[in-house]
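What follows is chain A paired twice: with chain B in the first complex and chain C in the second.
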Partner chain A sequence: MEPSALIYFLVIPAAVSLINLLLPVRAAKALTVIALLYLLVRSIHSLSHLPLLSECGLWGADRLAAFVLLFVHILSLVILVFSLKGVRSEIQRAFFVLYPLTVAFCNGVLLSQHTIAFIIFWGLSGLSLYFFALMGQGDSYSQTAKKTFIIIGGSDVFLIFGFILLAARLPVKEWNLSALQMQSGDPLYYLAFFSLLIAVLAKAGGFPLHSWVPDFSKTSPIESTAFLPSSLDKLLGIFLLARMMTAFFAVELIVKMIIISIGAITVVGAVMMAIMQPNARRLLGYSTVSQVGYMLMGVGSGNPIAFAGGLFHMVNHTLYKSNLFLSLGSVEKQTGSSEFRDLGGIAKGMPLTFLMALIGSLAISGIPPFSGFYSKWMIYQGLLEQTKTLPAGYQIWMLICLLLAIFGSALTLACFVKFLHAVFLGRNPGREKIHEAPANQWLATGIFALFCIVFGLFAAALPLKRLIIPVLAELGIAADLSLIGYYDPLLLTGLFAIVFLIGWVVYRATRVVRYDEIYLGGMAAETRFRVSGVDFYREIRQMPLLQTIYTAAEKKYCDIYELGSKGTFFFSGILQKLHPGLLQWYLFYILLGLLLLLLITINIGG
Partner chain B sequence: MSLLTLFYLLIFPGLLFTAVLGLSVGWVDRKLSARFQFRVGPPFFQNFYDFIKLLGKETLIVRDSVQSLFIAAPLIAFAALVCISALIGVALFFGASFIGDLYVLMYLLMVYSVMVILGGSATGNVYSSIGAGREMKLLLADELAFILVCLVPIVKAGYEIRLSEILSAQQLGGAFIASPSGILAFLIALICIQAKMALPPFNIPEAETEIVEGPFMEYSGPPLAFWKLNHFMMYVFYPFLLILLFLGGFSAGGWGVLWFILKYLLIVVVMIIIKNTNPRVRIDTALHFFWNIAFPVSLVALILAVLGV
Partner chain C sequence: MILPYFVILPLLAAFLITLLAGKKDDWAITLAFMALISLLVLSIFGFVTMHEETVVYSMSGWDAPIGICLVQDALSLFMLVMINLIALTSLCFSIQYIRHLSQDWKYYALFMLLIAGMNGVVVTGDLFNLYVFMEIALISAFALVAYGCRAEEYEASFKYAVMGGLSSSIILIGIAFTYSATSSLTLARIAEVLPTVDPRLVLWIGALFLAGFGLKAASMPFHAWLPDAHSSAPAPISSMLSGVLIKALGVYVLFRLFFNVFGAPAIFMQLLLVLGALSIVLGVFLAIGQWDLKRLLAYHSISQIGYILLGMGLATPLGILGAVFHLLNHALFKSLLFYNAGAVEMVLGTRNLRKMGKLAKLLPVTSGTSMVASLSISGIPPFNGFFSKLIIIIAAIQAGHPIFAFWAVLGSLLTLASFMKVQRYGFYGEIEHKTPIMMPGNLVRFAMLTLAVLCVLSSLMVLPGIRELTLDPVVDVILNKTGYIRMVCGRAL
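== the complex of A and B ==
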């Protein structure tokens, strides 16, 4: 592959975006599919021609960039297939203009070799997030768009600041990303690191800059939620963190422990919020935030196994979370609601969508042999390996973080049991017949579900061996991974299948089936006797300390945007009071200003 | 896949061994419980008769249910539990790694609860849904302390997660229970597995007097037979797990076999005594107990383990 062909990853989707402004929607969809298919093939092809660097030196790709680029295109194409039918008609044109443009911006982030180009594309990808938020519906979608942009845009300031500190000693011409490096003895080390970390947390949606994700998930088109906060933003955020940990900084132990702790708090805090949500979109949004915690713990730990696990989790998450959002999207398009109280009993009418959502739910909960378990298993091993080398106090700290990570998995399972029960199982609240989603939708979710299975069963042979371990080797982290644990997913699945078959044969040989109504001990099975799942975890909500925390969270005491808004309005309120709109006051200010000038002039003259 | 693998899975220590031992130990439970209640109790083969009887009964399926999930759930749980039995048994009796390590085991153990919940939810029965919610909350309650009690032997074995390594560490340095951290963790583990098996006082998901059988309410015939068998199989591998993690495992030489049987029966009898001497607690009480009492105690055990105590 010609290094100059890297520019196609930017030019083609950008050109498609411009052309789609003029084309009818159908033609725009077809063109976008063709373009993304072509780019997917190119991204696969680029894996065998690394490293790549353009002649001008502005664009390049090493193994890490090429790995993330591959998944940007896989996700973009499959989510596009889902979007071919079902996007609201009033936003279709804008959607198919912005979609390829977003791909171009993300590719720009991954392929930029110069710091300023990186910053520009990072900012532009945040801008496209804002435009997708503006396509939302509901009462508060514009508030959500504003909030998203302020958090993401505000974090861009920290990104720029962090890069300036990193690159300060170099002339601007030499601000290549590969030239940026800072040692721990540098006085600006912590400032630069944590400035960039703020950008990572905001983009990926980690605590405490996560609050835009559930709001965005609630109001924006579900395709864009699967596309950006669940997928591309995670890829970009963790990509930057990986660069920080391996290239830009020589990371100290205390910094790693802080990142791991932020990760652990993100995992548990976000999923504790998720299990209480009455709305399916917000539940998935909080769960998205929670999963970032595992990526932070993996990539931020510095241990090779955990680092590989973190990268693998980043990819797994984009696949199963997109699956879940798109499955919910299919349900929402059939039923018109994503509130749990309105849903239930959907599985009978949408069996394929239910199956895909079930696979996605089991994968995100980390149930073997699905993909989510393998990446978490690697992260846990890596953290344990890391713990061995630490002093006793740090060991206890690390083990508590590990405990929170593993417990977070159980909470995630709780979250998705509620999701599956409330949406697909339980009783139908008396709505008319539901039909299965159109083929493009279950095909898209089916592809993601297949990834969850294949990446779980063949993790060692496929994504790890062919993609992730070469990344680690090139970054100088490890040539190979010697795992301390033991897990054979193929053996487990094979043995499981054998025993299941035995059980199935016994059942089939002995069954005598009769169909009947629900049995409630003689009472009529009315629809008012249904458990919607909204209050599944009410007892947890009402536990003494947790009740205080939940009430505070609902009043947005923990939302950095709300706190920032209150602070800003407080200070601007003071300034506002000084501008009452009365002529006398302004005349007074002018007089004060003139007196001040007079005093200064006299002092200078004197 | 070799013949030996199939032997481990289907004969010993997998399906056949676990099922037969489980149904037999289930008789110990029923007999002992009967004695507590001044009854005679059933004959030895009663559990076997019950299983075969249920296989001959009708399978009633709710008309509007998700039939495939309803039928598959007990079979998936059955398959998972057999794999778990084989995993623990091979490590315990042969000192070898099979299928996975302790992390894999911790996650596989959740599959049973997931299937109880999904199978119950598939029917649309309100009692099943309530039971499913309680099952999940109970899992959340005991999982926090259970993770900690699993971390204690991991730490004491030198941060090893393979079951064979945990056993080797005990064979070299003595059983982990012979230490303050070990004994604390073991006691909490006993209570955790009481909850994992949904035995009184934690039989909350199937609180018969409140929600009939909870998630199992609509089950009958062969699917119910498999749920009952699953329950009895847990009487085998949960005590085996505790023996593996804290009591030094199994040794074939000398008095080893008798000692192992005594250890196993001790754990089973303690579980049955707890079962028969405690009333059922509410789910919020269980949450309070595990999160506010068991969790801090097991955290202390972990800290002591890290400090080498």
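== the complex of A and C ==
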């Protein structure tokens, strides 16, 4: 593959998007599928021709970029397959114009070697998020769009600021991304690092810039939710963090610890919110945030195993979370609701969707042998190993973070028990018969589910060996990974299979099953006595300390957007009081200004 | 020699309008269109054919120290293109907008006088002449602000007149000082003599001019006249005032005086940086709390002028480039935003964001173009505002002012927030409107679409090839004081 061919990754999807403006929707869908399929093949192909750098020096790909690029195309293609049927008709055209365009923007971010080009594509990918949010439904979609774009677009200016600070440090005026470097001890080190970190947290959805994710998940078209916040934005955010940690900065220990702590807080805080949500989309949204915490911890720690685990978890998360969002999308399109109180007992009508969602849930909850377990396990291992090298105080700090993360993992399981129960199991709220989702939908979720299994069973042989370890080697982190402890997913699956087999034999041999009517306190359990998933964990909500925390969280004390807007309007109010519309005040300002100018110029200039 | 026509044409049009227009405004509109189209063609022709040359025209054949000279260089032509372009779109917008108020030729006469004043300020090479043209523009602006004849409009116009008068007096005192020190009113001649006079006097003059023209540019703390005046005026006039008037009378003159005449003294550059940063941040904080759309836009003008002043104060080629580019971009998107506000006001009869609501379907052109303009002013790629702000931020950091760059970043964040508010309440709100008062006509939509397209196209000016033809000559003129003296005095003296 010629390096100049990299430009196809931008030009083709952008051109498809333009053509889709004119084509009938059906043709637009077909064209997009063909284009994305072609690009997927190309991105696989590009893996064996690395590193690539175009002659003009504007575009290039190393292993990290090519690795992320591959998953951008896998995800966009599969989510596109899901979207072929079921996108609301009034937004269909806009959707299929924006979709390939977004892919082009993300590819632009990954392949840009020029700082300004990177900034522009990063900003454009945020803009497409805003337009997807404007395609939403419900009362609050425009509020969501506003909030989303204030956080995302607002963080972009910090990205610009951080990058320019970095670039200003170069001895010659140069904008090549690979040349950017800042040593610790530079007076602008922290300013530059945390400016970029703001952009990472906003894009990937880490605390405290996470609050747009659950809102976006609630109101936007569900395909776009699977597409952006749970997939592409994660990839881009963590991609930038990986670059920061390995190339742009010589990262100090304290900075690493801060990122790990942000990660741990994100894991626990978000999952605590997730388990209380009465709406399935918001639950998934919060859980998306929570998972970012692991990636931050892994990639931010700088330990090779944890770094690899972080990248692996990023990929795994995009796969199973897209699976879950899309499965929920199938359910929603069949039932018309994503509120837990309206759902339940759908597994019988939609067995395939249930199976896919089950696999996704097991993967995200970190149940071996699925993919989520493997990557989390790597992150924990890496962090533990890191702890050994730390000074005593830091060791305790790190262990607390680690404990929080493990606790978060348990809560994730709890969260998805609720999800599965409330959506698929439990009792039907008296609904008519439900049909299985169309084939394109379960095919899409099926592919993702397959990935969850394959990446769990063959983690070491496939994704790690083929994709991630070469990335680490190229970045100079580690040539190979030697994992501590012994975990063989195949053996474990074999053992699981044997246990199931024994159980099944016992069941077949004895088979004493009695089916009965359900009674509640001696009365026939009518539909109105049905227990929906809404109050699944109400007891936790009412525990003494937690109650205060939850009340505070519901009042949005943890939402930086709300706090920021309160502060802004407070300050704005003060300034407005100084502008009462009275001419004499204004004349006073002018004269005062003139006097000050005269005083300053005469005193300092003279 | 096209230079005098930039003043003669609009003055003649204003005169003929008062003479010819009968009870209906048809003649007035035709005359105004003819004048403005020829002005725009002339200015574009001038800009394309200038070849980075400076042309000096001595009025009535009297040479510079005695007579008045007009100067045409890249900076003045750049301003002329901008003024006449916005004026033409504003005229397109005016016809339906003003007819729904009244059928009045007086509006067009005043409008042409406003143009004559602004063009005059830009082309003149004489300080006192500049003052006279400035007053012509201002007096027509006072009248146009009060054009709606409602109480709050009179109040706004009165306040504007008082504060404008105060600043004009400050400028006049500055001119008197200058004349007493240099015995000349020709800008180039002043520039030549100024290094020989007492430096303290130069500081006095500089401070007076900074305050006086700072008020015309609506920089903090001289900004208080702007929100009332710009929000009370009819929408096409608001766009003229916010889009070009504050730039022609304020920013342009600051560029001319502090760079070509004073030679960018460090103390004033520092002051411009501070005034710029102050305007950016305070302006945007004031804007974000507004619910009156036009008032919100007016406060944003203060904030955006802050960016231009910041770029100017950096006094590096890149900073000036950013400032000049932002000058143009702001004219484009701010005028467009005022047209959007005006169109919504025509359709719904309100400027209150809370009362607007679902307009995306009802007014597709208005809401589409307002999205373009909002994203432009918020500095979102690929729209023009992104690039000019980016250049200014880069210039600030490269010049060693990361703190000022940070204020620009903060301002940008809050600008985005406040335009997200405009979009959310103004165009994607909850209220459904079934019975619009009237729908925007073709010319109104044409005006909005033209500017929206330009908001995207002007981004291309950052590309090196195009930049070298358009923005770089302007920057060269600004930074080249001796060149200005030589070009003007060398030929005219």
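Quick notes on this structure:
Assume the second predicted complex is superposed on the first by the 557 of 606 C-alpha atoms of A that agree within 3 Å, B and C clash if a C-alpha of one lies under 4 Å from a C-alpha of the other, contacts with A are read in each partner's own complex, and residues count from 1 in each chain.
Just so it is clear, contacts are C-beta pairs under 8 Å (C-beta built on N, C-alpha and C of every residue); 3 or more make two chains touch, one makes a residue touch a chain.
As the structure is a computational prediction, the values presented were derived from the model and not from experiment.
Of the two partner chains, chain C is the only one touched by A:His579; chain B is not. When both complexes are overlaid on chain A, the residue A:Arg541 reaches neither chain B nor chain C. Contacts of A:Val531 after superposition: chain B is touched, whereas chain C is not reached.
Looking at the shared chain after the overlay, A:Phe500 reaches chain B, while chain C stays out of its contact range. When the shared chain is aligned, no partner comes close enough to touch A:Lys556: not chain B, not chain C. Within the superposed three-chain model, A:Val512 lies in touch with chain B and out of touch with chain C [touch as defined at top].
In the overlay built on the shared chain, the residue A:Arg341 is in contact with neither chain B nor chain C.
Among chain B and chain C, the chain that touches a larger number of residues in chain A is B. Legend: residue contacts after superposition of the two complexes on their common chain; A:Leu587 is shown touching chain C, with no touch to chain B. Shared contact residues on chain A (touching chain B in one structure, chain C in the other): none found.
Across the complex, chain B is touched by residues 345, 347-348, 351, 354, 362, 365-368, 373, 377, 380-381, 384-385, 387-388, 392, 395-396, 399-400, 402-403, 406-407, 409-411, 413-414, 417-418, 420-421, 424-428, 484-488, 491-492, 494-500, 502-504, 506-507, 510-521, 525, 529-531, 533, 536-537, 539-540, 542-543 of chain A. Interface residues of chain C facing chain A in the complex, by the touch rule stated above, are 158-159, 162-163, 166-167, 170, 199-200, 203-204, 206-208, 210-211, 214-215, 221-222, 224-225, 227-228, 265, 267-268, 271, 282, 285-286, 288-289, 375, 378-382, 386, 390, 393-394, 397-398, 402, 405-406, 409, 412-414, 416-417, 420-421, 423-424, 428-430.
Listing the residues of chain A that touch chain C in their complex gives 116, 119-120, 123-124, 127, 134, 139, 141-143, 145-146, 149-150, 153-154, 156-158, 160-161, 164-165, 168, 173, 188, 191, 565, 568-569, 571-573, 575-576, 579, 581, 583, 585-587, 589-590, 592-594, 597-598, 600-602, 604-606. The part of chain B that touches chain A in the complex is made up of residues 1, 5-6, 9-10, 15, 55-64, 66, 68-69, 71, 74-76, 78-80, 82-83, 86, 97, 99-101, 103-104, 106-108, 110-111, 114, 117-118, 121-127, 129-130, 132-133, 136-137, 139-140, 143-144, 147-148, 151, 154-155, 158-162, 212, 217-218, 221-223, 226, 283-284, 287-288, 291, 299, 302-303, 306-307.
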